[in-house]
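Structure first, commentary second.
Naming follows writing order (A, B, C, D and E), and every chain is counted from residue 1.
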Amino acid sequence: MGADRISKKYGMSPGSLVYVGDKPTDTVTVSVIDYSEGHLEERDDIRIEDCEPFLESNSMTWINISGVHNTEVIERIGKLSGLHFLLLEDVLNTEQRPKMDDYDDHLFVVMRMINMESEKHLLDHEQISLVIGNRFVISFQERTGDVFDPIRDRLRKAKGRIRRSGADYLAYSLMDMIVDHYFMVLEDFGDRIETLQDEVIDNPEPEILKSIHRLKHQMIFMRKAVWPVREVINNLLRLESDLIGKDVQFYLKDIYDHTLQVVDTVETYRDVLSGILDIFLTNVSNRMNEIMKVLTVIATIFIPLTFLAGVYGMNFHYMPELNWRYSYPVFWICNVTIAGIMLLWFRKKKWL
Amino acid sequence: MGADRISKKYGMSPGSLVYVGDKPTDTVTVSVIDYSEGHLEERDDIRIEDCEPFLESNSMTWINISGVHNTEVIERIGKLSGLHFLLLEDVLNTEQRPKMDDYDDHLFVVMRMINMESEKHLLDHEQISLVIGNRFVISFQERTGDVFDPIRDRLRKAKGRIRRSGADYLAYSLMDMIVDHYFMVLEDFGDRIETLQDEVIDNPEPEILKSIHRLKHQMIFMRKAVWPVREVINNLLRLESDLIGKDVQFYLKDIYDHTLQVVDTVETYRDVLSGILDIFLTNVSNRMNEIMKVLTVIATIFIPLTFLAGVYGMNFHYMPELNWRYSYPVFWICNVTIAGIMLLWFRKKKWL
Amino acid sequence: MGADRISKKYGMSPGSLVYVGDKPTDTVTVSVIDYSEGHLEERDDIRIEDCEPFLESNSMTWINISGVHNTEVIERIGKLSGLHFLLLEDVLNTEQRPKMDDYDDHLFVVMRMINMESEKHLLDHEQISLVIGNRFVISFQERTGDVFDPIRDRLRKAKGRIRRSGADYLAYSLMDMIVDHYFMVLEDFGDRIETLQDEVIDNPEPEILKSIHRLKHQMIFMRKAVWPVREVINNLLRLESDLIGKDVQFYLKDIYDHTLQVVDTVETYRDVLSGILDIFLTNVSNRMNEIMKVLTVIATIFIPLTFLAGVYGMNFHYMPELNWRYSYPVFWICNVTIAGIMLLWFRKKKWL
Amino acid sequence: MGADRISKKYGMSPGSLVYVGDKPTDTVTVSVIDYSEGHLEERDDIRIEDCEPFLESNSMTWINISGVHNTEVIERIGKLSGLHFLLLEDVLNTEQRPKMDDYDDHLFVVMRMINMESEKHLLDHEQISLVIGNRFVISFQERTGDVFDPIRDRLRKAKGRIRRSGADYLAYSLMDMIVDHYFMVLEDFGDRIETLQDEVIDNPEPEILKSIHRLKHQMIFMRKAVWPVREVINNLLRLESDLIGKDVQFYLKDIYDHTLQVVDTVETYRDVLSGILDIFLTNVSNRMNEIMKVLTVIATIFIPLTFLAGVYGMNFHYMPELNWRYSYPVFWICNVTIAGIMLLWFRKKKWL
Amino acid sequence: MGADRISKKYGMSPGSLVYVGDKPTDTVTVSVIDYSEGHLEERDDIRIEDCEPFLESNSMTWINISGVHNTEVIERIGKLSGLHFLLLEDVLNTEQRPKMDDYDDHLFVVMRMINMESEKHLLDHEQISLVIGNRFVISFQERTGDVFDPIRDRLRKAKGRIRRSGADYLAYSLMDMIVDHYFMVLEDFGDRIETLQDEVIDNPEPEILKSIHRLKHQMIFMRKAVWPVREVINNLLRLESDLIGKDVQFYLKDIYDHTLQVVDTVETYRDVLSGILDIFLTNVSNRMNEIMKVLTVIATIFIPLTFLAGVYGMNFHYMPELNWRYSYPVFWICNVTIAGIMLLWFRKKKWL
């Protein structure tokens, strides 16, 4: 919930590197892809110092670090590439709001990767930090496992223009992949909302309320993660820096449009959910009405009849009706007549 | 719902053309209208390559492509007219937010055509992509059948200034037609809202609630489609490009005003719908009140009387009233009196 | 409702003049007031061509056209004064949003005159279009009868600075009169809201709900008509045109302030109405509570008593109480005690 | 309510001076304080023409006019100091929105003084108009009695820098006093809200609802009066005029901050009030629940028992139980058991 | 509540120093830390005049004043460091909105330190005023006890860059500490909200409503304190002053991001709380429904049966059923059948 972890580093000097997330069990792994139009070299699970020759080479270098809980590794990569310690601090503080910082010779972009755990529909989010240099991109992830495999594939197969382009295009590809993945999550939302829409009419159980609120809750977090991305891209577009080429700015505008679409869809979903909630609540009060109607119809028909039966159960010595020959059938005829009139009246009032 | 289809192309390279919509059954048809002030040539259902001479001629050319699910055709037209593959991608991604992109030698406009299926009142929307070049307009539609026939007529009959004007005026005419069509949909909304307004007072059935929510739902989608058009036109107006002449900018301002009017009306309708919903809910709770009143009146009148009858139904040996001569008529007089007092009291409280 | 009529002209070429309003029965009447500081000539109900000499003279000319359903007349006045056909189209399209267009040698202002029919409190609105030229003002109204008589009076009596001033001042006077009239309508709103405020406390009938919603509904339309006027005046103020003199800009700022005040008041009224609605709804649920209380008090007092009476109405052979000498008075004493305790308990709970 | 009075001047020429407020009974009084660092001359209740020598002198002059219903006096002071008649019109129109107009050689500021009548807690507001010239300030009030006595005191006692400073500082002091007085009103609001917060929990009577709505209502008017002051000060700060010295601008920023604080507090109070309203409504529905629970508990316990008693009150000839020796005690045992089970069940459901 | 105290100084001259807070019991204490890269001198509880040599020295000086209720001390420190009396007034007015004022040779920053009293979860806020000069920082606190101990530690231990940097870095450190502390409070909020989320489903007691409203209330105050900080930092960032070095601006942007995150989280929490409130209210109405169902089921089953028993309790002489041999068992069979059918019907309606 954003605030839970930051207290760990409360009171530290601004420059001290402290990891604020939960301690994950997997170790930190560093992998490098070094490529140019003609060659590609891939190394998994290497030591941080082994990255140095790649960084110094003329080819593009993508260093991916999975797991940011080892502050020592982060500090070493920081020294190696000359990163400001405020940047490193932001990498470690995994509850960052998406943002973009310009460190002159490199850019720093924080985004949030969102996953929908498919069975229980739990949202799972992870901070992705990107350092975009002139000839390198360093990406920091909280956990192993990401959505970047298609990019690795494209790099390996030299598909598309990615091998011919610079670090800015690689960074764009990574960001694009994250934003594209939002649509996967939205799809899951869309399916569940459609299911809810059917259920709320057929079978308005209290369970549905919980689903509605869980969806609303997840939407709030989704929106919180996506909305600032708009600003991030906007800042990148207005940036006067050589690090982002003009052609890549064109691609970034595409991400911008996608972000708008995501936010738009989230807003629409929220409106639709509010509608479902309204239908649910009206259904609840309709059922209440129905219950009351049944009670009222039964009670108002039988209460007068019971009174009548009570009257002729009295033990007064002088009650002439008691001795009449046809009192009993007349009693029944009266009862049926009273009940019939009542029923007609209820029907007229559309209670039946 | 915007997000459902995009996952199809998830993970593809940004340049790979994938159609994200449902596969429609009708084939892709290409039609061309080539015209200048003096001549007009019209060709239906031709191959994409046959468009080339028209594009190269000095006259205005309007190529209309119905059905964008055939990526190969889209790719060929892209090559023919030198379109950026991001543009082609946007054409194929039929869940685009309305937008305008400036590709220097041509403009790209995405809008959304909205139809109200007249019997079941289902909203049906379709993405219209326009490429506006110097001497040509290419329009992409998702399905056969559109709202552009009046423009075709005007072109054929050389009505108005359309034959004398350039590609910008044709593009304006198409966009104007789309926005004008929004008013048709609004009209349908207006009629249904008026019907609802009458019904909610005369006959507040739960059915009305569903109608209200369906209308609200459609309004949300309508707004989502129309609101960004404002921005599109605004961007076109502030564009520093030779592709849009000064006179056409004047016409565009007209569309801008119309869009504002559509959004205004949608907002007003939403407010009016909220009012109808309030009336409905108050009616529901009024009926509840009425039901409770009936129950309360009947029950509170008869419960004391029944108690009294019960008392004289008791079998105590020593109950003096039982043997009195006029106990029975006195009992009835008491009952009528009690009931009368209660009724007067209820009338005073305005429950009757 | 804004959208109802526009479909009439759907599909027409942008330049074709079609009247979209209801066909009013009265004929189109043209009247002219030509004036300078020294002279004033007034002509009612003349042919449109007779206006030409006035337009060509050096004096100020105010042409007022009541009824815009005769497209031919509009076309002729258009030709006579060289008006753009988009302007004429806007004049005929009587569901325009208030707006200002700058046609270099004349300005076009659309506003909405609002009337409150005094007995039934029905809002009645009418589009007023003003063309402001260098030495003339042309005003188009939908119907005969307007709020401009005080201005005509002032012109005739040479009161104020109006006879000495130019077309801009006349146009300002007309706009000021329209905005001033909004206050008359607000006054009616204010009176009705005050009445509602009293009624909702004294006598919360469902009728009040309808009044609240009708007022809310009218407020929505009022706001829709007034809000864009702000923008219109703002655009006039920032206009770099000789048509609006510096001194008149000062007066326009006054209208601007008035418009703000109208919008402010409408917003305040909406808030107040929401408050009244809240009070009404709470009153409804308070009455519900009261009804339930009565039912509960009566029922919970008599149900145990009735049970007791039932017990002693049983026919068991061996029931010792039946034969005791003082059973019956003891029974009554018990009943009164039970009822008394219950009543005390209800009083303690503040239900009585 | 802002709109009530303006109709009085409807249709007048813009330059005609008409007072739109209620005719107060007290006469118009003019008072003058003329001062410089060394001297101070004070005159109460003088004729307007007697102000002339003060205005022409080199010392600072503060003319205060209480009562603006005498248009003749206003006109004379207008002529004397060369004020624009639009300004005078604004002075007379006492339902003005706070605003600032720049008349080159003097500034015109309209603010609203708010008083909370301490016993009945009625809001009372009054328009204060200030004309700020080079060496004079003219203040117009609707009624005698104001909040400026501390300033008069400071002038007389030469306290603070007020005697050494110019007209701008005097005007600032007056505006500061008005804004400071808002805090007094807020204090009263705060006290009443705190009282409400206690009452709504202890004793949720319908009276509280009325208090909540009256407070909300007053808050709406408070906000309406204060919000535009922000803009007024902002315009004064950005003004390029010699009339406001640099040092006074610094002081004005202080008022600006105070205005923000007032608006902030009003907003907070509104949120708090909404919370109180929510608590009230939930309390109401909680009581409803409690009432229903009591009814249900009593009814569901006794209804089966009453049935049983009814059964053994039947007169069938062949009912074996009637003749058994221990039927009656067994009947009571059954009843107590049934009632006991029901009570346990209700307790389990937490209804008791 | 912001407005409660300001009335104390109502009517005072702008320059008169009056403390508006509650009179705290502890005395005013002044402490000084004077440091440069090489040396550090710390003095607690000294007289204000003893600060002078530190202020005049070339090293950095941090003067911290705890308790601002002694106006004389404030006045002396004001004279000593040449502070504007408007600044001193703001220091004493402890209900200030967070703000930044530029006094050319020093900056004035007002922030609000927020503490969550850990046991009773009471928000406690205190105004911190900072004067940032060229070689000194003066901090004013309302009470003894603050969140700055880590900074004092860092200064003493020469940890981080704080000893090497100027007054701007020290001021940044103090502001950063305050904002960091907001996260501690947010954490407490987060924990309580999570608890509420569990409780509202398991055990929806009216107590929860009070907790929800108290949290909402505290959130409103939190937001009110944090939101303007955004502006403060923004103003510092856009400041053209030598007092804030370029490197420190970089750090300030970090605080800005943190503030955004706090506001974001507060907004999210508010949304989540609204969701919890909705769940609570629906639970309440669900329980109501359940209560009504129980009543209706019991009543509608037994009311007809009781009627039947009543019928055969009547004393008519001629009732054939009474003498039949198997009337009594048939009566019971009828009853069980009727009850069974009702139960099935209720089950079908899902009321059981």
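The definition used in the following text is that a residue touches a chain if its C-beta (ideal position, glycine included) is under 8 Å from a C-beta of that chain, and two chains touch if they have at least 3 such contacts.
Here the structure is a predicted model, which means the values were calculated and not measured.
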item	value
Chain B to chain D, fewest steps along touching chains	2
Shared interface partners, meaning chains that touch chain A and chain D	E
Rotation angle (°) superposing Cα atoms of chain D on chain E, nearest 5	70
Computed distance of Cα centres, chain C from chain B, in Å	26
Per-residue multi-chain contacts in chain E, two or more chains	285, 288, 292, 295, 299, 303, 306, 310, 313-315, 319
Contact graph of the chains (line, ring, star, complete, other)	ring
Sequence of touching chains round the ring, chain D onward through chain E	D, E, A, B, C
Complex contact set, residues of chain A against chain B	149-150, 154, 159-162, 173, 176-177, 180-181, 183-184, 186-187, 189-190, 193-194, 201, 250-251, 253-254, 257, 260-262, 264-265, 268, 271-272, 275, 278-279, 282, 285-286, 288-289, 292-293, 295-296, 299-300, 303-304, 306-307, 310-311, 313-320, 351
List of chain B residues in touch with chain A within their complex	1-4, 6-7, 10-16, 86, 95-97, 99, 101, 206, 209-210, 213, 216-217, 220-221, 224, 228, 277, 281, 284-285, 287-288, 291-292, 294-295, 298-299, 302-303, 305-306, 309-310, 312-315, 319, 321-328, 331
